[in-house]
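First chain A sits with chain B, and in the next complex the same chain sits with chain C.
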Partner chain A sequence: MTILLRLAAPLQSWGVGSKFDRRGTERVPTKSGVIGLCAAAIGISRENKEKIHELSSLKFGVRVDRPGVLLRDYHTAKSGKTAYVTNRYYLADAKFTAGLEGVEALLHDIDAALRRPAFPLFLGRRSCPPEGKVALGIVKESLLDALRTDAGWEYISYDGDGVYLVRDVPVSFSQIRREYGFRCVEQISAEKQIGEIEDEIDWFKESEMP
Partner chain B sequence: MYISRIELDATRRETLRALASPSVLHGALERCFDGERRHPLWRIDMLCGKVYLLIVSAVPPNLLSIKRQFCLPESAGETRDYTPVLTRIHEDDAMRFRLLANPVHRFIENGVKKIVAHQTPEHQRGWLRSKAQKCGFSLQDGAFDAVSEGWKRFRKADGSFVEIKTVAFEGVLTVTDATILRDALTDGIGRAKAYGCGLLTLARGNANEQ
Partner chain C sequence: MNNNRLYIDIHILQTVPPSCINRDDVGAPKTAVYGGVTRARVSSQSWKKAVRDIFSKELAENEVGVRTKRIADMVAKEIYALNPEYDKTAVKTDAEKVLQLAGLQEKSTKAGKDAPLFFMSVSQAKALAKLVVEDEILKSDAKDMQKKKGTDPKAQKALTDNPAIDVALFGRMVADDPGLNTDATTQVAHAISTHKVENEFDYFTAVDDFPAEEKTDAGAGMIGTVEFNSSTLYRYATVAVHDLQRKLGAATAKAVGTFVDVFARAMPTGKQNTFANRTIPDAVLVTIRGDQPVNFVGAFENPVKPKNGYFAGSVEQLIKKVNETYSDWLAEPEKSFVVGAALGAPDVLAALGTTVEKVKLDALAKKIEEYLNDHTS
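Up next, the complex of A and B:
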């Protein structure tokens, strides 16, 4: 059983290791971001470690439908009398399909909550509301089968046995002390059609010239 | 007139620096011609993932210095006589084209002359339409578009800062005045010609299919 989420918006931002005045974004939605979105939809409090653990034990994967463009926001902030500059990074015009695989009852709770969220939903950062509907419903297939449809996509990144570690498994979203664990990430790429670029014109070729 | 092309080695540091700051390439091109300054037209083209430098000049360039700085040892570069191609252009011919340009509009604000780049696709298309009349060709709505855009921001050797908006146009044009169009092909269209803008290329291609 897998629940599918549509993550599309003019702006998204999925930070992992952001510190101080440089707030980065990953190229794909993070597990902590998506679990946080689901938790917000259900209305789980930040301190509720048990419930968050239950959510983060779901198997997570994300399909890149449209990678989007990296955008840097020049942003000034003021603290007391001193003004300082921060750089915030966003993915502009990206579209992803995220999937969570696990116990059916929990997936149904998430699905219902996404349609009537307890707290407002946003994609990684408060200033990034989703475009269109987020909930795509629950399907019978496993996570990878559900994501691996034949539509045009670039690659899939999922919880696997890969050697690539990302620290974005939420343990606690508490504003006093946030905690994250590690997860292994694996990637599969879509098979590209090599013929795609064949219609490029060679402007220098004699046979092409007037 | 002559048209030349040489493949650049995009893994070289010098090449990347030159691609980021066109004044480096401008200078390198000046050294390809002996005697008086010739002001050749040039453009960076991508074809099947390779980077090419395309040059249109009144005399054949000596590509040796370009080759030494920015190319693979084995890429030789080619030069072809452009005049026969130019004479084959006739009125009412429909041809596919590509143009990298710097579309701007000029106005006077509070007595100060200003030059500002066109930002929206409508304005950019409008700019090309107005240029088309003066350059001996006509464009049909829907048969051409601004396919990509970007900024070139760099510092010249004297320290002054240059900022240029580049827009790539592609589509199908119809020749209305072959003599004027020939001039446009050899003299370039619009501003920033020293920095890789204004070179128009034509191809028979399959103009009728579009």
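Up next, the complex of A and C:
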């Protein structure tokens, strides 16, 4: 069972560990951002580690339908005479489909909440409200089968066994102490379907060097 | 958690002449790519600042947050109001102490150069003063003050309850103690043009009006360029009324009405003396929904082509999107209000649903307040 979410808007911003003056964005939605969006929809408090853990245990993946372009927003805030300068990065014109795989009951809770959210939803930053539909419903397929449709997409990034670590698994969204754990991320691109990945060239094997 | 939902969405189409409302570090009007083409952009923080400025000018003192370094003086003033006999030598330090009990650091409570600006409502200052004068919190918790970061739940509550309208709407961030942070109940999107724009340059020369008699300084006194664009903007904001109600209680309906009105009228001050771009919205659509907020910016993903300007085409695409949304996806809103001739035309009104009502801009706040008072407990 997989729930699908459409993440589209003029601007989105998915930061990982960016603090203070420079707020970056990843190229794809983060697990913390999407879990946070679901938690906000359900109305889970920032400190409720148990419920957040339940959500972050879902298998997460995201399909890049339109990668968008990077935008730097120069932002000043005045306090007295000196201006405090920050740079905030956004993805403009991007479109993603995110999926969460897991137990049906929880997926149903998320789906219902996305259609009747407790708090307004946003795509990584509060100034990025989603455009149009977010909840695309629940499908029977596994995460990868649900995301791997044949229509024009670029790549899929998902919770896998890879060695690429991203620290974006939310433990607590507490205002006092945010906590995140690591996850392994794997990617497949549109040209290389999952079964073909194993047939790729092994670059470390001398005899097969092209 | 209460299961009620009530969202107010504000959709505005507003045309601005050549202007540079919100610029980046090289002075160029901000832009963003959407639908594959460059759009004019005014950041959400810029428009929110303009809204907050109107709030602090027009709302009564006890309704808006005061952003100040002199918070201890604010509390001291309220202590005197409660007890004019209060010890003059101790009042300032007692005010500082109660603020520290509420979670602020010493440097934040003393109005020094390094003190941050703190957003506090007059009601919060009054509640803290009451704790000092009537509940004698400083005496009862003397032990706590010995601790380095001694805080008192009662004082913390005083500083988080009864937020000012603007604090409840826009939130508050406290670096000292994130426990005092308040999440915003409004969401304001970056405004973007409904159509493609290209920034233009205004090359200017300034003449020296008092040149040297020998004419040795022929030529311009100064030259430069100002970058600008003109656009029809789509502006969107939403308020989680049910969430705001938890914070403001009975004051909610008025706060929402005021916010919608102020959001519609506000204009950031960037380069306003140069361009006099102080326009009012051409079309306002307010929708009140019991399920979810809906942002119609997708109406303009396909950039509007000029056809007697951009406004007519923008209205056409907006209405098409609204219609598709109501017929294919979501129910009609519980209530809609429109402002402006373009959305108020009879055939357009019919297309916007059965609960729509045409109003004047200056009546919008009152109408929303009345509706919310009648339809929320």
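Definition applied: the second predicted complex is superposed on the first by the 187 of 210 C-alpha atoms of A that agree within 3 Å, B and C clash if a C-alpha of one lies under 4 Å from a C-alpha of the other, contacts with A are read in each partner's own complex, and residues count from 1 in each chain.
By definition in this document, a contact is a pair of C-beta atoms (placed from the backbone, for glycine too) under 8 Å apart; a residue touches a chain by one contact, two chains touch by 3 or more.
Keep in mind that what you see is a predicted model, and the values were worked out from it rather than measured.
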A:Ser127 touches, of chain B and chain C: first, second, both or neither? second
Touched chain A residues, chain B compared with chain C: C
First, second, both or neither for A:Lys19, with chain B first and chain C second: neither
Touching partner for A:Gln175 - first (chain B), second (chain C), both, neither: second
Partner chain(s) touched by A:Lys140 [first = chain B, second = chain C, both, neither]: neither
On chain A, positions contacted by chain B and by chain C: none
Chain C-facing residues of chain A, complex: 8-11, 43, 68-69, 71, 73-75, 77, 79-80, 90, 92-93, 114-122, 126-133, 174-176
Residue numbers on chain A that touch chain B, as the complex places them: 197, 200-204, 206, 208-210
Chain B - residues contacting chain A, complex: 3, 5, 45, 47-49, 52, 54, 78, 80, 85, 88-89, 93, 95-96, 98, 201-205
Chain C to chain A touching residues, read off their complex: 1, 5, 7, 24-25, 30, 32-36, 39, 43-45, 116-117, 177-179, 181, 183-184, 187-190, 192, 236, 238, 240, 243, 291-295, 297-298, 301, 325, 329
